[in-house]
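Common to both upcoming complexes is chain A, partnered first by chain B, then by chain C.
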Partner chain A sequence: MNVILAVKQYVSKMIEESGPGMKVLLMDADTTVFVSMVYAKSEILQKEVYLFEKIDSGASRESMKHLKCITFLRPTKENVALLANELKAPKYGLYYIYFSNVISKQDVKILAEADDQEVVREVQEFYGDYIAVNPHLFSLNISNCCQSLRWAQPMLSRTAQGLTALLLSVKKCPMIRYQNSSEMARELADNVKRIITNNAALFEFRRTDVAPVLLILDRRDDAVTPLLNQWTYEAMVHEVLGIENSKINLSKVPGISKDLKEVLLSAETDEFYSENMYQSFGEIGTNIKNLMDEFQKQSKNHTKVESIQDMKNFIENYPQFRKMSGTVSKHVTVVSELSRLVGLYNLLNVSETEQEIACQSDHSNQLQQIKVLMENDKVRPMDLLRLVMLYALRYEAHTNNDMVGLIDLLKRKGISEDKRAMVHAVLEYGGRKARGSDLFRSGDPVNITRRILQNLKGVENVYTQHQPLLASTLDQLIKGKLKEASYPYMGANQLKDRPQDVIVFIIGGCTYAESKLVHTLNRTTHGVKIILGGTTIHNFESFLSELSTAVKGQATKYPARTGRH
Partner chain B sequence: MATRGLTEVFILMRNNALQSRHIFSEQTADDRMALMSTSLDPELGIASTRSSTLPPDWVDGVEEIQFEASRIKRKMKELSSLHDKHLNRPTLDDNVDEEHAIEIQTQEITQMFTRCQRLVHQISNKSQQGTAQERKLSINIVSSLARMIQEMSSNFRKSQSTYLKKLKNREERSLQYFGPNIGADAALMEDLMGGDDVVYDRGFSSKQMQLVEENTAQVQHREKEILQITRSIQDLNEIFKDLSTMIVDQGSILDRIDYNIEHASYGVEKGLQQLQKAEKYQKKNRKMYIVMVLAVIIILLIIILIATKS
Partner chain C sequence: MASDATGIMEGFLCPVCLKDFGTVSQLQDHFEDVHSSEDKAVLQSLKGFFDKAKRRILGNKEFGFRESNTQNNENPSTTCFSGYDPTWWEYQELGVTQYHTDAFRAVRDARIDHFVVETNKLLIRLDKLLDPDAPREASKRKGIVTMFSDYLGFEKSIVPWVPDGAVPACLSCEESFSILRRKHHCRLCGGIMCNKCSEFLGLTYAQKLVNPAVSFEGESGFLKRSDSSTSLNSLMGLEAEGHMRICKGCRMLLERRDQMTEQRNIKPTLVLLYEKMRGCMRDANELIPEYLPMVDSLSIGEATYSWREAQALRNKLVRLYDAVDQLSKRILCLEIKPESPSALKQQQLQKAIRVSASYFMQENLIGLQALPSEDQYEELKTARRVEVQRKIAAERQAEMEAQQRERQSQDDTERSRPNGDKKLGHTRNDSHDSVGKGWKPVEEGSRVSKVADPMLQQMEIIRGYIKQAKEAQRWDEVEMLEHNLKDLKDEYYRQQTINFKS
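On to the complex of A and B.
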């Protein structure tokens, strides 16, 4: 149950099957990302894959018959047509064709008819049809999958394909549970089920004692998590700087050197990152200081190269030294930029208020805090919007709800009309009516007592009070207490025991905060393995765009466009 | 990691397609059909494909390096077993043969490394003339080969230096054990030198002579051995420095496949821009040409004017 390993094994197998000799890897835009996430260039070069090309760059590629060509493509119509063209006038010696998903017989026939010169050696389906981000986290990089609160049809089929490919790659034929309150979750579950039954032969794996579970959730049930500022390294970098396929763009950082304009944050190659990605911002500070100290010690050793002994030591440790210096400069840049932005935008105060709104229920006090922050010029308008959206979700039905006043304040701060409309959009998307579960846990007596106890003890860390809703859902699922009324099974079979292998998929995107949660659950809960996936991985910005397409063309139930008067 | 093979289906379909095309073409073939299809000019076809089907000549170099690398690996294994033997199972007789073998092996390996390095350089030089894509290919190949060689050489260096360390340790130990012996030698020497005039007639007994000579020979031998190894390490350092420029750091953005592809397309775009710029310059050149022609005409006319006046 390691998605990175699964995709990596597929790629390794492709390379092995083509035997020795120089190879070129021919991919499309999607598979390029799939492969890049699991294989570093230097690593794949060692396996004699020396050239990487895109299938749609046909004209600029030259004929090189001495190369073997491994093609890894998604089975789309365009790709099949492009590949058929390629086969009619082959540029490389032999072709080993791999599709990332189930391909129809007609498409195979088109290719077979195009292959006059009999250059094709292998045609196979290798189900690496998703982006493996971390061992327990995958994404499909589909933004805005929800349109007018319904599935956009191509997105639905792509999501179902990606999800079944994941199941195949980790060899699981699961029982499917979905969130009853969400129509989209039901549709997706239905689609996945249909694909499994249509390809029953593929899904015949060795039976385990306890069947794996696929749980399909909807982002609409928990719109709070993507609204919050995060303070663990990975999540924070995504929130503040934005991670795109493990790459972050630092070109906007003032005074950045040319080498660091775009950097890679990958737990696979970067030891420091893999150790610290789930640490909180404060701990990162001390760890990076330790890293610096160690580095300084090493570099001091390296400055005095006098005797042959020194020289020898230097050369022996030089590759590690170089790698370390790259790591150090990267992380120091990233962390210093983070702390600069935190100070500049007053993110600590903002985050404290956010957490209070999400977890406490002191309405008048919180309203006051928001108003104070509104006065503060350092706070970004985006963060103010974030706060008002949170407030709207939290106190949707509160008697003294002052949304009108807050939106008016936003207007005075110069926030544009369509941004202000987001406050209503988030209510439409994730408000009371859309939710199937108790997001703020006000009714649960256990939680009430816990909260009172917490108030007595005092909170440990005010910035990390909030737990995503996924925490309680997974907790119930693992204990076998998840209510069947809210999360019914697709099909007749039901799980009697506690589940062992769980795959959670969130329609509308997951967040790195949830990824961290799953990571800790995997480590602390014995005998349970969880994989988390989402149509995409959100930060506040991407979530806003998701929201705006989701509610587009939807007749709003909130007639008071109160910001306007 | 489930997979599904479609190769058989594909080959079946391909054969069917080829067959049906055959039948179809036989039906239309009649006496008036040309033996070769006219659409393809045979001479042109061969001429144009020859250059592209033949692999560039540096490809042989790659195979050579790979072969050499496998040889180096084998040699290194042999050498390390020799080292072990030499260190752990000292025989009573002076193991000159063994030392000699080690020396030869070490030299050979170092030579092979230099050869590999030279070959890598040759590849990167030769590929300069190739097309853009060939160059890209060769850059990748060179970087991967360089990494391989570097890894091997660093392994080799490590084994050499541990051997060296052990050798030194052993010497120290032997000094410890046989210390008094050497001390006695020294005393003997002093005795001989200092007491020269006192007991002149004693002189060197042949036995003592032998002892002293043996000792110095041994010391010299050891020193030579150590020197040899440090020299081989130094040689390797040069190779190492040379190759390190060709290697991309692991974990950096340059080590991403997608970044490289995007960058390549960016490079192509940039190239196009450069070309367009060059074209502009070329056009400017044409203007220059016209200016020159006009200037010549003017000079001519002036000459004619002068000629007619005078």
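On to the complex of A and C.
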């Protein structure tokens, strides 16, 4: 169930099927991302793929008959039309056509009728129709899937396609469970089920002892996690700098060198990153120092190069050396930028308060802390907003709730009206009415005892107290204790045993914090494999945008009570 | 019951052939190997049964392990794991694929068949029309239509012309014919079109179409239709110069075929160079697994491989890498016609090829271990010999001491059994194994007979095997044989030193 491997094997197979010779890879904007996430450029060059073209650049592309063309496209109407045009006046010698999802017979016919010159050798479906981020994490890069608290229709069908493609690529025909409190989850579950039934022949797999489970959740059940600052490497980088398709933009870093303006963070090619992506910020500091020391040891050798023999030895180590030096400077840059921003924006204080709000229940004290932070000029307005949103969610029903006062303070800090509206939006989106589960676990006796114990022992790390809701949901699922009333099955079949293969999908996007959680679960739970997916992968900024679309046009139950000057 | 007749058997029995196996996994392996072709459903159910049984048998052990595991990670939120989880990278089947090629072909071929049949018909006709014995004069070709005779012309005898009266308007532009818009026949399909819609096929080009051996140089095999639409003379002139009037449809079919053959037969320089380069890469990749064990062995001073052979191999490799480098550079610098429409992409392509070649070089050439020089090798060899002797001496010393201790308690008849014989017997067994694997000794009579020592004989024989195996390119066997040879040599040195000392 490794999603990176699944997509990579598809791509390798395509390249293999076209045999030896120079190749060009013809893709659309989506498939370009799918492929770039699993194949490094140097790696794909070694497989004789030398050019990469976009299907919609037809006019500017030039005829090169000595190239074989591997075409990898999503089966959209536009792509089929573009490809038919391409085939009528083929620019390359031979075409090997692969669609990333199910294509209709009609579309195959359109293409066949365009192929007068008999250039097409293969037409197949390879279900690499999603973005494989980590072996256990995928995304569909759909932002704002929820509009007016309902599915936007094209996004619903894209999501269902993406999910079924994922199932096909890892050869699983699951039982589907969905979050009962969410209409969107039910609709998606229904769509996925229908696609599976309509393509029953494709989903004929060897039966495993225990059927896999697809669990469809809604972000609205846990709007807290995407609001928090994160302190593990991958999650933190995404929160503070933003990761887009494994790339981070460092161009705003003061004094950045030219070749580091955009860096690639890929666990596939970067050993340091793969070792440290789930480590906490403090540990990375130590690890990076070790890496530096090791590098310096090598660099010293470098300075000591005197004889030709030395030079030769050095050159013999050259590829590793260069790779290592690249890794060092990249991570040093990223980590030092992170720590600069942490200091600049007082993120430690902010995060401490965030975690307290999310995990403890000391209303007056926390309200006081927020007000103190409001006075602090170093704290970003964005982080103040974050805090107020958290406060609003946490103390929605608290008798002394002072949301109005806090919004007022935000206004005085110069935060714009539509940003302030986010506080209400988050209540509309993920408030008590919208939730199906006990997000703050006030009523859970186990949790209460845990909390008491924690208070006795003292919290180990104030910045990582919060566990996403997903932790308890998955825990119950793995133990076979997830309540059927809250997470019913789609269809008649029910799982008797504890599940072994689990695919969790979060409508409205997952977070890297949840990805880390799933990673840890996979490492610690024997015999259970979990894949996590989301319509997108959020940080606070992208979540704000998700929120504002989600509640757009909703007659808000929370009238913007400004005034009170 | 059946079991009464055969008696009750116990153990890990194969349910199909009732063979007994030592362990669960052996049984499962056997079952998968031998009976996998049998009914899949039976296999599945049995497999499930095995799994359950396995879990029950091995369960305790695994369970214990699991418990200790969870204890270690009592608080998973604080324990961190590196992002790399090896269990994710186990073998994984390729995901589902769906095949549409056949459906695609069915639709396409139905369309294409029509083209192919038509094109072939045209080519046969064209071939006849171009027959060198055919009449040249226009009148004979077209035939003379008089009131008295309707002499069927040469062209009409090959291609049935559509009668003039049958078509009121041009089949292509649908303008009706008149005095000004005269009817013309396509010489290939016999159809009627107006002058404007006519195409003129150059005869040299036509020759090439029917016979690819004829070369044709020029922009296009078709002549631009002259604008003077009415001038009969100019048209007559054209035909005299060696052109043939055909319709647009026929032109399309002919051109399509020509492009396809062209593509099949002509390779641009880039492709030729590229193929050569890939050839060199492939050769180099084949040589590497042969070379690496040689260097390893030689650089610790072993005599399993000949130094010269390794040197030759290295030179060959370096030459191949050099060729890759040169070829990729040539590809990079290939002249591109600046006005050619594909200049930009062509350049990108050439650059990418060069980049991939340099990746290849970085990975292989730079990491290519150097051989010790011949002098160095001699030194290494002596050093190793000394080292080996030192070791042997140490071993002997230890043995002597042990024996002395033994002697104190035991009779010294035990001691007199020659040590070497035992070892020799062992090496013989080794060589026997390799005979069993199919390598016959080559009787290089004189050389073998010269060497009296059975050890040396044995070594000669194994060298012979290695040579044969290399010729047959069976590298795994070569490796095994070389290993044997090495053992033999070590043993030989050892004996030599023993002899020398005693």
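The working rule: the second predicted complex is superposed on the first by the 560 of 565 C-alpha atoms of A that agree within 3 Å, B and C clash if a C-alpha of one lies under 4 Å from a C-alpha of the other, contacts with A are read in each partner's own complex, and residues count from 1 in each chain.
Operating definition for what follows: contacts are C-beta pairs under 8 Å (C-beta built on N, C-alpha and C of every residue); 3 or more make two chains touch, one makes a residue touch a chain.
What you see is a predicted model; the values in this text were computed from it and never measured.
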Self-check item: Clash or fit (per the criteria above) of chain B with chain C on chain A
Solution: clash
Practice problem: Scan A:Glu113 for contacts with chain B and chain C and give back first, second, both or neither. | Solution: both
Exercise. Once the structures are superposed on A, label A:Asn276 by its partner contacts, choosing first (chain B), second (chain C), both or neither.
Key: second
Exercise. Using the superposition on chain A described above, determine whether A:Val263 touches chain B (first), chain C (second), both, or neither.
Key: first
Quiz prompt | Touching partner for A:Lys105 - first (chain B), second (chain C), both, neither | solution = both
Quiz item: Does the superposition put A:Pro135 against chain B (first), chain C (second), both, or neither?
Solution: second
Quiz item: Does the superposition put A:Gln124 against chain B (first), chain C (second), both, or neither?
Solution: both
Quiz item: So, A:Thr520: does it touch chain B (first), chain C (second), both, or neither?
Solution: second
Practice problem: For A:Asp377, select first, second, both or neither according to whether it touches chain B, chain C, the two together, or no partner. | Solution: neither
Quiz item: In the superposed arrangement, does A:Asp209 touch chain B (first), chain C (second), both or neither?
Solution: second
Quiz item: After superposition on chain A, which segment of chain C among 333-341, 405-413 or 459-467 overlaps with chain B?
Solution: 333-341
Quiz item: Which parts of chain A are touched by chain B and by chain C alike?
Solution: 6, 9-10, 13, 22, 42, 45-46, 48, 50-51, 61-67, 102-103, 105, 108-109, 111-113, 115-116, 118, 120-127, 168-169, 171, 202, 312, 315-316, 318-319
Exercise. Could you pull out which chain A residues touch chain B in their complex?
Key: 6, 9-10, 13, 22, 25, 32-33, 35-36, 39-46, 48, 50-54, 57, 60-67, 102-103, 105, 108-109, 111-113, 115-116, 118, 120-127, 168-169, 171, 202, 205, 245, 247, 262-264, 266, 269-270, 308, 311-312, 315-316, 318-319, 322-323, 326-327
Practice problem: In the complex, go through chain B and note every residue touching chain A. | Solution: 1-7, 9-11, 13-14, 16-18, 21, 49, 52-53, 55, 59, 62, 131, 133-134, 136-137, 140-141, 143-144, 147-148, 150, 154, 157-158, 161, 230, 233-234, 237, 240, 244, 247-261, 265, 268
Quiz item: Where on chain C is chain A touching in the complex?
Solution: 44, 48, 51, 66, 69-70, 73, 76-85, 87-89, 92-101, 103-108, 111-112, 115, 256, 259-260, 263, 267-268, 270-271, 274, 278, 341-346, 348-349, 352-353, 355-356, 359-360, 362-363, 366-367, 369-370
Quiz item: If you look only at chain A, which of its residues touch chain C in the complex?
Solution: 1-2, 5-6, 9-10, 13, 20, 22, 42, 45-46, 48, 50-51, 61-67, 93, 102-103, 105, 108-109, 111-113, 115-118, 120-128, 134-136, 168-171, 202, 206-207, 209, 232, 234, 267, 273-280, 283, 312, 315-316, 318-319, 460-461, 464, 467, 519-524, 526
